[in-house]
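Below are two complexes that have chain A in common, paired first with chain B and then with chain C.
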Partner chain A sequence: MKRIQTEILVIGGGATGTGVAWDAALRGFQTVLVEKRDLTHGTTGRYHGLLHSGARYVLKDADSAVECIRENRILRRTHAHCIEDTGGFFIVTPEDEDDYPDRFAAACRRLDIPCDEIPASTALRREPLLNPGVSRVFELPDAAADSFLAAHATAQAARQAGALLLPYHELTGLHLSGGDGNRAVSAAAVLDTVTGEELRIDADLVINAAGAWCGQVAALAGVEVNMILGKGVMLATNARLTNTVINRCKMPGDGDILVPIHTVSVIGTTDQQVSDPENLSIEQWEIDLMLTEGDKLVPGLSRSRILRAWAGVRPLYHEPPSSHESIHRPAPHPDRRASRLEAKPASPASRDATRALALLDHRQRDGLSGFITITGGKWTTFRLMAESAVDAACAQLGVSRPCHTAETPVPGVEQGHYWLGHRLDEVESENRQSELICECELVTRSMLEGAAQRNPTVTLDDLRRDVRLGMGPCQGGFCTYRAVGVLHQLRSDETATDAADWKVAHMQSPAHHHRDGGPPADGGPAEPAPAAQPEPRRPSPAIDPAAAVSQPNLLLRDFLQERWKGVVPILWGDQLRQERLDELIYLSILNADHLPADERQSPLSEFYRSGFSYPGSRLT
Partner chain B sequence: MTDLLIIGAGLTGLFAACTAARAGLNVRVIAQGAGTTHWHAGTIDLLGYLPDGRQPVANWMQALGRLPPAHPYRLLGAASIANALDAFQQLAAAAGLPYERVAATIDPHRPSAPPQPTDREDDSRGHFTDIAPGRNGQLISPVGAGRPVFLAPQAQLAASLEDERPFLIIGFNGMTDFYPALIAENLRRQGRAARSAMLPLSRLTSRHDHNTIQLARLLDQPAAQEKLIEMVSDTAATGERIGLPAVLGLKTHTRLLAKLHQACSARDRRNTLPGPALQSPLSLFEIPTLPPSVPGMRLDASLRAQLTRLRVRVEIGMKVCGVRAAGRRIEWIETETGSRPLRHTARNYLLATGGILGGGIRGDRCGRVRETVFDLPLTAPQTRSQWLRPLFLDKRGHPVFQGGVPVDTRFRPLGRDGAPVYDNLWAAGSVLAHTDPIRERSREGIAISTGFAAAHSVAKGQ
Partner chain C sequence: MSQDSPPVAVMQSVPPNSVGISLNACIKCNICVSYCPVSEVTDSFPGPKYAAPQSERFREFGYPYFQDAAGSNPPAPGRGRVPDASVDYCSGCRVCNEVCPTGVRIAEINARARARIVAAEGLSLRNRLLGRSDLLGRVGSVAPALANALLHHPLSRRLAAVLFGVAEKAPLPRWHNETFSRWLKRTRSRRLRSERKVVYFHGCATQHYEPFVGMAAVLVLEHLGYEVVVPPQSCCGLPLLSNGEFSAAETYHRRNVAQFADYVQAGYPILGASTSCTLTLKEEAPELLDLEGDEGTQALKRNTWDIFEWLRERENQGQLPADLGSLNNGQEPFILPYHAPCQLRAHRIGKPALDLLALIPGIDLRESHARCCGIAGTYGLKSEKYQIAMDVGAELFDFAAAQADTSDPAVQGAVSFTACDSETCRWQLEHGAGLPSRHPIELLAASYGLYDLQARQPLNEN
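Let's look at the complex of A and B:
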């Protein structure tokens, strides 16, 4: 069995886990991260993309609100290119209660969250599709965040600082050493889900950053962490309905946020408590509720073309009252201290559970050293969560090393915020020609090849998260076949892969490729670099993407099924017709349901298959 | 007065129009758009798979009994379907786009050597007489799977998987819709000898990004054709069958194929066959591509040309917005214009608007599935939870795509009481119930056979 020795082992490759790896590596710890699937496969890749100003929680969860506004300001520097500064409106519709807006504005002032009331007419001029019945509008520093790109950028920063990131490595067990009184987690058993190889990682300290899976990971160490899993359903429309984040100015509820993100608007969310973070069903009533509530923000939203529905799980933590004291929080803001005095009653309802981060130091809580759980929180506070987790790690390891993440921009910040037009702009300004593989999201062949060469690619879904393949109106109808062909060609031409060589800066555009070497000093025209030229190779980590990618038929089937999973709940009208066109392509023309090696499975085939039950599922 | 007003200009509507016009009826075709022929592979698929089948249907005539009793093919019977196909083959040949049996093209008992020429043409036909009627052949899909096909245009025939000659699949660098290495690998997995090659598109054109239609237009030009012939004949080895993406011209592809065949044959010392080419089996073939489909466009253009000769008007851009029925007769229909509705009156109406893909059927958010012109009763499930299965590639198909307009044996739409709704309304093609043409790979067979039968039903009544 292969063995790896490290100081800190991070479990989970979402925003929090990559953040922890980044923070720990920056502080000079030897760091390894394991993630059972691709990075951002969990909640990070399944949320609405809102960078909170904190205003949403001012009256309900002041701890969380204060964390949000502080991190909001930091992430705009450290992850500038992942954030589109849309601004946010909190609108008072005719249905919303009267005294909430004033209490809301007062609370924002108290917590130092910039909140300006603007005339409704001004808001309507800026967002013409907004509900014309709005009576009051508050403007706040909400923004739209690309959580895929942010996690990849954080991961790259972690790698640059020396961390080893292992996606498709599933934690199967934790080794405990010592007897009563000095029990400690000393090592982890890990399974490479692509090659089936087992791996032992000896670590001084294990940080559990597995999000919704935190309870399962803690159970492997024999400690109980009761997660409250709040499932949220979101829908994406086929165009941006607004350019500003729209919130209802009321107590947080279902379907009251509309976030413009890249080419779409996302309406969210519901909140249903679930027990299993994997098998999430989407119910028809949830879709209907989103559309009905969405109509109150932007009338007519329910008649727009819905591209996709998905569900994510909030990893909320609510400590049982008896052990309340063992929750540790970083240096509290004075206001926050005040707010904590208004102790919330212990309630299992996920809508009411705090969104503030929860740090569980199991040495103090359970007498188990070498193990820390960081959970709760929001995407917006992932950096703070990482900071507090690594602070606790320092304390356990008996060292004092300050955190640097708040002042350290991640790679790619210099590019500025990416939007769809950049791709066209770069094609024009640098005469960079490459064939278009995905017309909806303007993904070119060289972008696809670059992403596949530089990142571990086990499924096309991994590429989707890198370059937005298949995320547009046709939902993979044309690009699935093309991407399979391009990857197959690429893998046939080369035997080795560059899995170790993550280059997130290159993911978004072919033009970024040669910029990596540093732009010409005079800013003059850069010399055109050959598209998708492979980077110098480094030895690959345990993952062997070629193993899965060399199965083109499997890539094709998996991605078709993955896309299907997200469109079934919203298929009607034109989108239903679009799927019939996809059937024409994949059945009638390609005969993709009768390809050789019909029985092959990827590590994710089963997930795409069973991870979903569509509205009122009665068909099998 | 118009005897038959056909709504829909897909394969069903156009072929029904030809049939009715040749039977002496005064016919008009109106349609909202061009139909889905442009998206399909340009082959005539009769019945490729049964709902329970992993294996392709070897002989569609023998498989009819295993279809549901109300399936359009069961209403027709094998003989009527065969008649319709004969009529289609005659029409296509007259239009200069001959379609032939895929299974009959190659004798499976013949040794795998390249085809030897014979002096007597009859002899070569003699090989084929024992091919069972209704036997499907298999052509190659753009991902290298076998496609069960009954009739194919000449340009696709040499792809037959029954033929054991090795494959050379040629593609173009810079073309996004065709991946020869992938096709060749999947052919090898199925036990065929196959290799692939890429030609530089830059030798044909200075443009960077080409779709299939642009390439086809380019290859209608003699200069590009000459370069292509040179490149292909330099690449091919003796005895190989050469597969190219279906982009060999929209108008002159038969001539280009003949020239390519000749050029490759001339290099092949063992092949003593002198020109003229286009004598089956060709050594070259086209593989259909993603939509838009060049072979589909050729088929559409041929049918339109025949209709022009038959003096049948085909008007596109006509969306039906109103219908008047009196008792058991449709009196008129109206289509949208910029100012006021345009009224069309005819003795008979044929609904050939297609299924959900064609726009003849539409499902809404509340789970209602409606026929879009006459709001006819449908067999489709009227609850969204009953529409779709959890697996996209489920071989049983998705119920929402299987619903449609139920008809009697004369192809008149039926009401809930089981009796025809109107005496002068007929329906054909993908709008029909009890079939899933895309899942069954029966789309063209359904279009041709039901369009033919409905047109004859109308003609008989006149």
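Let's look at the complex of A and C:
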């Protein structure tokens, strides 16, 4: 069995885990991260897309609000290119209560969240589709954020600082050492889910950043962490309905946020407590609720074309009252006291559970050293979560090393905030129209090849997260077969270039891709030099001919299945017509359901097939 | 009723336009791509699917393509960057709209995208001039002979090409020595007075360059027993719309709505012989300018007819005089290659001119199935687009030439004219095929014995 030795082992490759790896590596810790699937396969890749200003939580969860606004300001600097500066409106619709807006504005002021009331007519002029019945509108520094790109950029920064990131590696066991009184986690058993190989990682300290799976990971250490799992359903529209993030100005509820993220608007979300973070069903009533509530923000949303539905699960944590003290909260804000005084039920429903981060130092809490859980929080607060987790790690390891992430931009920030038209602009100025593989999302062949060569590509879904392949109106109808062809060609003549010259920040950028893998054409500022030795290259499973997943047929089937999964719940109208055409292409012309794939499965085949129980459809 | 409402995927009442919303209907089938005549001949235009439903998702919705009523509609700071320039190569021929199985308003989405570029980046002097056909017309009509000498002198064409980018060889019209309105005024005493009235929309080309088309129309309508009312009127605004100047176009359009309001109220049909003017009144202006909810616009739209659309209606009612005569003394079949211009096809009324011309004794109609003549209004006049327009038109030119090719035994006689309903298309057709071209109304008037097809003037009246 292969063995790796490290100082800090991070479990989970979402926003939090990659953030922890980045922070720890920057502080000079030898760091390894394991993620059981692709980076952002968990909640991070299924979230709503909102860089919170904190305003949503001002009256309900002041702790979280304060964390959000602080991180909002920081991430705009450190992760600028992962953010579109859309701004946010909080709108008062005819249904919303009267005194909330004033209390809301006062609370924003108190918590130092910039909040300007603007005339409703101005808001309607800027967003013509907005509910014309809005009476008041507040403008706040909400923004849209690309969590895929952000995680990749953070991961790149972590690698440059010397961390080793292992996607498709699942933690299967934790080894404990010592007896009563000095029990400690000392090593982890890890499974390479592509090759089936096992691996042992000896670590001084393990940070559990497994999101909704934190309870399961903690259980491997014999520790009980009761997560409150709040499932949320979201729908994406075919094109943007607004260019500004729209929030209802009321106590947070279901379906009251509309986020413009890249080419689509996303309406969400619900909050249903579930027990299993893995197989999330999408129910008819949830879809209906999103459409009904969406109409209150943008009348007619329900009759617009809906592209897709998906669900994510919030990793919320609420410590039972007895052990309250061991929840560490960084840098208390004066206002916190007020919110602490509000009595909270012992086990609140997920909508009521705090969104503030939860740091569990298991040495204090459970007498188990070498183990820390960081959970709760928001995508918006991932950096802060990482900071407090690594602070706690320093304390346990008995060293004092300050955090640098707040002042350290990740690779790519020099591009500035992204904007909706950037891909089209680049395709146009470089005349790359004929290179498009995914026409809907403007993914060029070289973007695809670059991502496939540098990131593990076990399924095309991994490339979707990298470059937005198949995320447009045809939901893979026209790009799946092309992408499979490109990958097949790529794998038969292996031309993987050195990961060191790979600018992950440019992964989403048509202008920065050249078949020859040369330097970017813009001659832009050079990336900060890697702080430590480059990551040792291991053969990517994607280009390992022995790997079962190298089968193009399997890639094709997996991706069609994955796209289908998100379309089934919204199969009516325009999208139904689209799917009929896609069906004709894949089933009638390409006979995709009878392709020889040697009964092979990828680690995700099962996942794509399972997970939705969908009673009835709109058509019945 | 002049037309059915377009089959767009209307979301509901609140979105300001059905044009933008129609992009949701695209299923990426590529049918439009295989028909677009422009993308077929040039790499400068990536095609309808790319330019409209695809790129539109990358353009900021709600970014103003013209100033709002208050005079300003500034985008929020940092907003409204226009990402694509290639959309300017769409000629606006609407062939794509015709073939799209799901009703995406591709050409209109492109026109709006161009308008946003203009709103953001301003407009060249050339496009500003080309957009103002009425102004150009009026200036030249002051001293037509001088204007023609000046404009058509090879040296000035050279200069225009170098200075403004107006293609040296592109077909430009000649000012007529008498405008249509002046002819009407001069012949006032001879005009028919009747209880039954129609209103005529002449458009800029008839007013300044081809008044004889209007004369032919008046003669035919009077022959049917209708008094022809020609109120003061403005340009329909199409050249402005297709050059992306939406606010100027709106001014023109609103003026027309006001000028025709009383007649519309009184229930008079508004007829036009220029298929592009009538299409603009019926559809382009209301849709592109977000005026579909405007009552005056709606009323004008409902009352506007292509002249042959209206004549066909009379024929269906048995009201068309039957005294149609042969166009060449019945010697041999009168071979007439006919091209239905894109602008007419966009009316979705079939080909009414073809239906009526077929009634002319001894006529041998040869219908072109070419997609477009290439000119698309002012598109083919621009230096950078001239060759594209000629390449697009090749299909039509070849067709016309083949009908006239006397060396081919299958061709049964000489061809003296081609016919087409749109003025710019006729000019392009003449330029490309080297054959004189006529408006179908001229042929109909000639067939009624009212009009000299060769000299392009009324018979027995001057």
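Convention: the second predicted complex is superposed on the first by the 549 of 620 C-alpha atoms of A that agree within 3 Å, B and C clash if a C-alpha of one lies under 4 Å from a C-alpha of the other, contacts with A are read in each partner's own complex, and residues count from 1 in each chain.
In the analysis below, a contact is a pair of C-beta atoms (placed from the backbone, for glycine too) under 8 Å apart; a residue touches a chain by one contact, two chains touch by 3 or more.
This structure is a prediction, so every number in the text was calculated from the model and none was measured.
In the superposed model, A:Arg126 makes contact with chain C only, not with chain B. Shared-chain residue A:Cys440: touches chain C; no touch with chain B. When both complexes are overlaid on chain A, the residue A:Gln489 reaches chain B alone and has no touch with chain C.
In the superposition on chain A, no contact is made by A:Gly450 with either chain B or chain C. Contact with both chain B and chain C is seen for A:Leu581 once the two complexes are overlaid on the shared chain. In the superposed model, A:Asn238 makes contact with chain C only, not with chain B. By the touch criterion defined above, A:Gly87 lies against chain C but remains apart from chain B after alignment on the C-alpha atoms of chain A. Looking at the shared chain after the overlay, A:Pro141 reaches neither chain B nor chain C. Ranking chain B and chain C by residues of chain A touched puts B first. Contacts of A:Pro277 after superposition on the shared chain: neither chain B nor chain C is touched. When both complexes are aligned on chain A by C-alpha atoms, chain A residues 433-434, 478, 577, 581 touch chain B in the first and chain C in the second. In the complex of the two chains, the chain B residues touching chain A come out as 36, 39-41, 45, 49, 54, 56, 141-147, 174-179, 181-182, 185-186, 189-190, 208-209, 288-291, 293, 355-357, 359, 362-365, 367, 383-393, 395, 399-401, 438-439, 441, 443.
By the touch rule above, chain C contacts chain A in their complex via residues 9, 11-16, 21, 23-29, 46, 49-50, 53-62, 68, 73, 75-76, 78-79, 81-86, 102.
Chain A meets chain C in the complex at residues 85, 87, 125-129, 132, 238-244, 263, 298-300, 303-305, 419-425, 428, 433-434, 439-440, 442, 472-474, 477-478, 574, 577-578, 581.
Residues 284, 291, 302, 433-437, 445, 478, 481-482, 484-486, 488-489, 492, 552-553, 556-557, 560-561, 563-564, 568, 571-573, 576-577, 580-581, 583-597, 609, 612-620 of chain A touch chain B in their complex.
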